[in-house]
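One chain, chain A, appears in both complexes that follow, with chain B as partner in the first and chain C in the second.
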Partner chain A sequence: MGVYILKRLILAIPTLIVASIIIFLLVHIAPGDPVRVMLGPIQDQVLVERLQQKLGLDLPLHEQYLTWLGNLLRGDLGISISVQRGAPVAELIAERYMVTLELALLAMTVALLIAIPTGILSALRQNKLTDHISRVVALIGISIPNFFVGILLILFFGVVLLKTWGAGGFVPIQEGLGANLQRMILPAIALGTSYSAIVMRMMRSSMLDVMSKDYVRTARAMGVKRWSVIRQDIVRNALIPVVTVIGNSIGYLLGGSVVTESVFRLPGIGNLVINAVYRRDFPVIQAVVLIIVLLRILVNLVVDLMYAKLDPRIQYTSSE
Partner chain B sequence: MMREELLRIENLVTRFYTEYGVVQAVDGTNLYLKQGETLGIVGESGSGKTVTAMSIMGMIENPGKIENGRILLKGDNLLYKSEKEMREIRGGLIAMVFQDSLSSLNPTLTVGEQIGRVLRFHTTLTPHVIHKRVVELLEKVGIPEPTKRYGGYPHEMSGGMRQRVLIAMAISCNPSLLILDEPTTALDVTIEAQIFELIEQLKKHFNMGIILITHDLSVVANTCDRVAIMYSGKLIEQGSVSEVFKRQLHPYTRGLIRSIPRIDGPVDENLYSIPGEVPDLINLPGGCNFAPRCAYKKDLCEKESPTLAEFYKDHTAACLRVKEIEYAE
Partner chain C sequence: MKLTRHRGVLEEFWKNFRKNKLAVAGGLIVLLFICLALFAPILSTANPVEQFKSPSGERHPLPPISRSDDGHLFLLGSDRYGRDIFSRALFGTRSMLKLAVGAVGISFIIGVALGAVAGYNRSSWIDELIMRFVDILLSFPALVLAIALVGALGLGETVIFGLRFSNMFKIMLVIAITYSPRFARVMRSVVLQEMSEDYVAAAKVIGASGTRIVVKEVFINTIPPIMVQASLMMAETVLISASLSFLGLGLQPPQASLGVMLNEARDYLFQGSWWYAVVPGVFISLAILGFNFLGDGLRDSVDPRQARRVGR
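Up next is the complex of A and B:
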């Protein structure tokens, strides 16, 4: 197991290097010059060149890349050039990631709390009223855009019931968990709704698939109690494919959710990326995207490990 | 020694209400089984063998329905039992090993847990005793290194071993009736022989009644006391194995026995097979279901549906022309 993890991590290095080259090229080849954005209306050629020189933007691309990579390896993500000029990128990202990470985890928790029980119930009551209702609700959940759910939530809860809940903005956990959660719960629901619908549908179909399996029939033929058949035979096996969907969703959420963040005025990573792109803040864009790639790789690894935990047929040996 | 009657099925009718029409899966079956006896149920694919077994187990599900008949286990009608009572009977008094044994074990539970939980639901034994029992059971069905295998998963075992695990699970609570639905179809010939040897051994040891479903008559000849032949949902002949093999009363049984490959036959012998096809169970024409394929058919056969009648002691058949056919040869 340990060897397997180590091997996967080593294998992640070439992936990250290739990713870093692609990100770097995309950022630098795309039209738009950070210096010109910084200077705004003052487009003095001498000033532009001086600044470019200062930021190292006048060097050949490969040299710029190698400098960036070298700094990265030393743990230096660089300095923001326009989003928050002079601020270390690492600090900027760390601060924003706190928000995104919390939002992602809360949204996923909300999603799972709704999706897994309804998926199970829906499958067990296939084609009965409960099933029809949950499927229709899931369809609505998938079809309605997150921002719309967000706005509805703000209108219903924020304006009518509890003003602080829908006030938007972010309160760090250090300043009180209660205050923090008050601001985070609505965005988490808004963001979690669509994932909840996706996971619920997956859980339902996976359950139905397992319910027709021979081993479920065998368990019943041996007089195993209904609840035990549901838990040990059906749900346990049905969860295996659902874990992949959950993993992918978490990976996706860790990329930040621009729309939800802006509806609720949350200073998350999605928000940061958009800003950085508008202002051509090269170091920030590069670092954020690279970190998102890294997180995805890690999430994938965790999903694979969980997969092996759930399904004894899968065994990770160092040869794989 | 007089053997007590274990199971009696009277006039069982099981239908499936599918969107294409009503499937007459089991149509008026009568059969019985004594304690310690093995009954073979033989028939082509789709003749209703599994549905008969599932009816006994009380596991016919929507869109299926048992519409008529009685299923008496030691005189007690199972069709009157509640689902809860049936759950206690399943795995307790009656156990069944299904077709497709390779996929009949839960891939995410250890072999030991799967057998153990059957004991847990049917007995009041402590976990410690259950563990010991399971290991003994694994040993009894011939699984090497039972202590080690206890914690193993199904995918780590061969097909033959998995079938042994299923048998261990089925006999774990000393059932009076064991139903084996084509227990060896997925296995190769040597393993098949070992499994039948094991079944024989267990039968003696536990004095169970066994229903062995198969479409292989040579298996029946070797392992069963009595045999029941099914054709398109109907039981068409029943009797002791020696009787039925000596004088086959129904033309279908004749065809079946003629189609058994013989070890002493010539190597290039073309195997006999009954001409024609199994009828569609949704649109049965009426009359004898076998008539369209029968070499002895008369006009009457297409109009009147034959019922089981006893022609010799403990030897019944459902054919209008038994007497004439018998004397014709």
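Up next is the complex of A and C:
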């Protein structure tokens, strides 16, 4: 197992390097000189050159990249240009990442609470009315954008919200879990419902797949009770691929939380990156995108390892 | 020896499609939206950017079926500037579909080319190189990649390597880059599957060239799975372009865009102007729903055996 983990970790390195190159180059496909963009209306040649020198933009591209990467490895994500001029990007992210993380985790909880039971029920009653209804509802759920779900929730609970929320929308978790959850529950539902549709479909098809296996029929033929087969064999085995899907769709949740934060005006890193795009704050954009991609690659890695643990047929020594 | 089996493939596909209620329903919704988009100038009751005066004593946004000062009927209400929401939604649909078709078209060309080359040169360094790159791009969440690209290119019109791009075309490109890796992956697996079929071996035996095999034989058989993918991709493209516009990073006002309309409506939720947000939201959701139904139904038609087994 140790060798397998090491192998996977080593394989993730080239992916990370190429991803970081792509993110680094983002600034350089930008139209115009980034320094001129940063300076805005002040277009003084001396100032431009001095800033270029200070930011290392006069160096050859590969040297710039190596400097940038070196700084990243030391935990230096750069300095914000315009969102909060002069503030270290790492600090801006540290202030906000908890909100995004909490939103993503709560949304996932909401999604699983809806998706797993519905998926199981739908599969057990395959092609019956319950199944048809839940499948159509799932497709509708996938089709409604989460920002519209959020807006509908605000419309429905608007009066209630105005009373409990007042003007401000968000309470940090440190200032009371109850008050914090009260404000996070609608965003979590908005983000979680569309995601639950995806998980439900996966759960259903995975259940059906397992149910058609020989060992299930054998167990039933040997007289094992229906419910205990469902509980012990079908659901347990069906959950394995679902775990992978959940892990792989962490990107979906992070992307979705950018929009959801915007709807509910939550101060997370999604809001930060949108602000950075408005103001063309390249270091902030680069750092946030890098962190999200890094997180996603790491989660995928963990999921793969978990998958290997859950499914004994997978050999740790395989070349994959 | 008969090499072509494309008639069979497409005929079977169509037969299965017509039997699938979900697919037909999706197809009808999509058709409706295409008509709305094409005939927006005829169907609309006002110029989408014209600002009407509200009757004295009342303020915009006005609810559905109300009239402006000079008697214009707001079928689905007016927005904060006194513009006609129904007409704006129609023109918004038009730009939404234009954007989605363009983006899917471009990513289709890039993705299919990459995927076909990778699939045909299976296990060579070309395949390895292309697919590694595709995998890395796929590790970027779609919306995050799109936001990052918009961040690099800037809002509104842009100039890349001396070429001027309109905002619409720029967003098309951004979304196309975001989604082409998915097309590449699907295309590669489809090509690999088809390459192992007997008719390809037969074509090789009678001395057909590689290009000829891919273009003439394999291509026809890849149409159904590509159509499935294209339909599902249209749904995603509509979603992502609406998200960008909603975030203020996509189409810019005063251009009629459903995402922008939703964004503007946010400030009016608490005062109860529900139609302002609900109309564009329903338009977006219905369009995505249509493409999802269609894509899902098409998938079952491509491989009914698989559908029955997995029970999709």
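What we mean here is this: the second predicted complex is superposed on the first by the 266 of 320 C-alpha atoms of A that agree within 3 Å, B and C clash if a C-alpha of one lies under 4 Å from a C-alpha of the other, contacts with A are read in each partner's own complex, and residues count from 1 in each chain.
Keep this in mind: a residue touches a chain if its C-beta (ideal position, glycine included) is under 8 Å from a C-beta of that chain, and two chains touch if they have at least 3 such contacts.
Remember, predicted model here, so these are calculated numbers, not experimental data.
Engineer: Of the partners chain B and chain C, which touch A:P283 in the superposed model: first, second, both, neither?
Structural biologist: The answer is neither, since A:P283 touches no partner chain.
Engineer: Looking at A:P187 after the superposition, I want to know if it touches chain B, chain C, both of them or none. Which is it: first, second, both, neither?
Structural biologist: After superposing on A, A:P187 lies clear of both chain B and chain C.
Engineer: For A:L152, is the partner it touches chain B (first), chain C (second), both, or none of the two (neither)?
Structural biologist: second
Engineer: Going by the contact rule set out at the top, does A:T218 touch chain B (first), chain C (second), both, or neither?
Structural biologist: Only chain B; A:T218 stays clear of chain C.
Engineer: So, A:G141: does it touch chain B (first), chain C (second), both, or neither?
Structural biologist: neither
Engineer: Is the number of chain A residues in contact higher for chain B or for chain C?
Structural biologist: C
Engineer: Determine, under the contact definition given at the top, whether A:G78 touches first (chain B), second (chain C), both, or neither.
Structural biologist: Touch status of A:G78: no partner.
Engineer: When the two structures are overlaid on chain A, which partner does A:S228 contact: first (chain B), second (chain C), both, or neither?
Structural biologist: In the superposition, A:S228 touches chain B alone.
Engineer: Does the superposition put A:N237 against chain B (first), chain C (second), both, or neither?
Structural biologist: Only chain B is touched by A:N237; chain C is not.
Engineer: In their complex, what parts of chain C are in touch with chain A?
Structural biologist: Answer in residue numbers: 22, 132-133, 135-137, 139-145, 147-155, 158-160, 235, 239, 242-243, 246-249, 262, 265-266, 269-270, 272, 274, 277-278, 281, 284-286, 288-289, 292-293, 296, 309-312.
Engineer: Report the residues of chain A in contact with chain B in the complex, numbered from low to high.
Structural biologist: 213-215, 217-226, 228, 232-233, 236-237, 240, 310-313
Engineer: Note which residues of chain B are touching chain A in the complex, please.
Structural biologist: 57, 59, 87-92, 95-96, 98, 100, 103-109, 117-118, 121-122, 153, 155, 166, 169-170
Engineer: If you look only at chain A, which of its residues touch chain C in the complex?
Structural biologist: For this pair, the touching residues of chain A are 14-15, 18-19, 22-23, 26-27, 29-32, 37, 123, 126-127, 136, 139-140, 142-145, 147-148, 151-152, 154-155, 158, 161-162, 204-205, 208-209, 212, 251-252, 254-256, 258-259, 262-263, 273-274, 276-278, 280, 282, 285, 289, 292-293, 296-297, 300.
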